[in-house]
Amino acid sequence: MSGALTDIAADKSVRAVVIAANGPAFSAGHDLKELTGRRGDADKGRAYFTQIMTMCSTMMQQIVNLPQPTVAAVQGVATAAGCQLVASCDLAVASAAAKFATPGVDIGLFCSTPMVALSRNVTRKHAMEMLLTGDPVSAEDALRFGLINRVVAVGAERKEAIALAQYVAEKSAHTVKIGKEGFYRQAEMTLAEAYRTVTQIMVDNLLSADAEEGIGAFIEKRDPKWEDR
Amino acid sequence: MSGALTDIAADKSVRAVVIAANGPAFSAGHDLKELTGRRGDADKGRAYFTQIMTMCSTMMQQIVNLPQPTVAAVQGVATAAGCQLVASCDLAVASAAAKFATPGVDIGLFCSTPMVALSRNVTRKHAMEMLLTGDPVSAEDALRFGLINRVVAVGAERKEAIALAQYVAEKSAHTVKIGKEGFYRQAEMTLAEAYRTVTQIMVDNLLSADAEEGIGAFIEKRDPKWEDR
Amino acid sequence: MSGALTDIAADKSVRAVVIAANGPAFSAGHDLKELTGRRGDADKGRAYFTQIMTMCSTMMQQIVNLPQPTVAAVQGVATAAGCQLVASCDLAVASAAAKFATPGVDIGLFCSTPMVALSRNVTRKHAMEMLLTGDPVSAEDALRFGLINRVVAVGAERKEAIALAQYVAEKSAHTVKIGKEGFYRQAEMTLAEAYRTVTQIMVDNLLSADAEEGIGAFIEKRDPKWEDR
């Protein structure tokens, strides 16, 4: 997945990404047998587990740092790193039958890395309830918490996620890229710092070919033709 | 508007501010023709656009830093910097017919500065949906997202916003000022740092004339008489 | 209360904490007569008030830093530091008759320290409405804001809070401790910093006895037996 994201990041023909799954689950996170498979190593598996966890955290940050917008299409359970995957996407569409959980606490392995993404999507009490109880949350509750954007009829989630991705893919790829990048950068700044940084981003944006085209098209009441199209 | 805010900040007789608009729109943000009017300059308008954007970002921060509380009264569409204006106010009342959008993505000019304010009001997935799709959000959804405080009947929004502003204006101006200032300062701090800073603010507050009067009035079961009244 | 929390933090037999109150109010915060009782001191009570406020802020942070999870059981009004107490707990269950308010503004003493906890639980406009108006918020609205996790029938709140605490208490105490600690630490970091820190926490967690037991039990489809049990 990390490799695919690296390829996508460099591929200008890809304008939006839908992350979906086949089978009953969206993602149940790590394979527990893989995680514990190297307990017999001299270091009890520390090096191996560090490697796996670092790869996972890197992949999640690749999604956040991807120039293209990402939409999760959640058809089944999204637990642990699977729930983190949903939280890491820019947008998420879920089936009414989808469930979300961070159940690591039940197996003695707190969903610590998932909580990094989860706690940046929902308020503290909601995140803590999921993390401390480990209990599944319905699609309706996930919508109320702000973890997902839309709940659709069972079976419609992939079609809806693709439609949403296509809708965003019609926009200027350059504009979406600088917007998404700026969003996550400024989120970590003070207000004054954010305004300083983002004002500069917006000036550069206005001077881009796509803004010239887009504003011109708007004023002339015609459809814009983006550069990378 | 920036000049008006500077005057208001220095005017102790002003105890709360309502930001409202005449006409069908609350605010559609920047004038696109103004933004692009200096493309013929030697620098393609960079200096001019930087100046306009900086003025706009400064004005939004003046609202946040204003000693008086601000209430947006949103009767129509609030888009781009107009949506940012609503997000920058301390409180917001909207007509059931109001709409909120950050549609810059549709003209190749991402709503980057609006997102600074928006993303400090609503959760990530909600902000991202508005920013990436550009689609309008209803007053009901804006209420659910936390972007506004109240939805009222069409035509009642200004009266309700004024009533809310007057309600807060009855409080001690000194107390509201230090409270508002402290709110935005501590929001950018760690928990320990916030408690250290705010504990000191509260000690100073308790020693103020208005706290002495307010607590006395409460204990004596009478109405307080604030200093700047 | 601070002393009790210090004892609890060191007592491995305590696995979860419910904070509840007898009488009609959950907590109305500081005793105003105590706060103002030393106005006759040479420093007008500054040293004394600083001491009281520091003790209060310390106690609230003890709850956040407590290794055990805390659940507020709110049966009546939770105002000022009482509302802060609810916000400082990891989880909160409230009676349908409970009310939440930060009414300091009405007595000239802004709820500045309560806002540190409140503003880390709810969105800005919600926090500002409570802080600037001082008005009580119903349990239903507090649930919508994300300040509490559950609203239950009047009189059922303590039983439900205890049930929730017991449910979490069945988990591995070691796992809950590192999870809770990590949660509040990473909340103050950038995304990259949070992932670096928490990935290491998770590696250590996996190598703990409780994770070995928990994962083993899960694979073998039996109940886990935690170390500190």
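Remarks
Each chain carries a letter (A, B and C) given by its place in the written order, and its residues are counted from 1.
By definition in this document, a contact is a pair of C-beta atoms (placed from the backbone, for glycine too) under 8 Å apart; a residue touches a chain by one contact, two chains touch by 3 or more.
In this text the structure is predicted, and so the values were computed from the model without any measurement.
The angle of the rotation carrying chain A onto chain B, fitted on C-alpha atoms and rounded to the nearest 5, is 120°. Residues touching across the chain B-chain C interface largely differ between the two copies, under half of the numbers being common to both.
The distance from the centre of chain B to the centre of chain C, with each centre set as the mean of the Cα atoms, comes to 29 Å.
Residue positions of chain A touching 2 or more other chains, listed in rising order: 120, 122-123. The part of chain B that touches chain A in the complex is made up of residues 32-33, 35-36, 39, 44-46, 49-50, 53-54, 57, 60-61, 64, 104-113, 115-116, 119-120, 122-129, 131-134, 145, 184, 188.
On chain A, the positions that touch chain B within their shared complex are 69, 90-92, 120-123, 146-149, 164, 167-168, 171-172, 174-176, 178-180, 182-183, 186-187, 190-192, 194-195, 198-203, 205-208, 210-215, 217-219, 224, 226.
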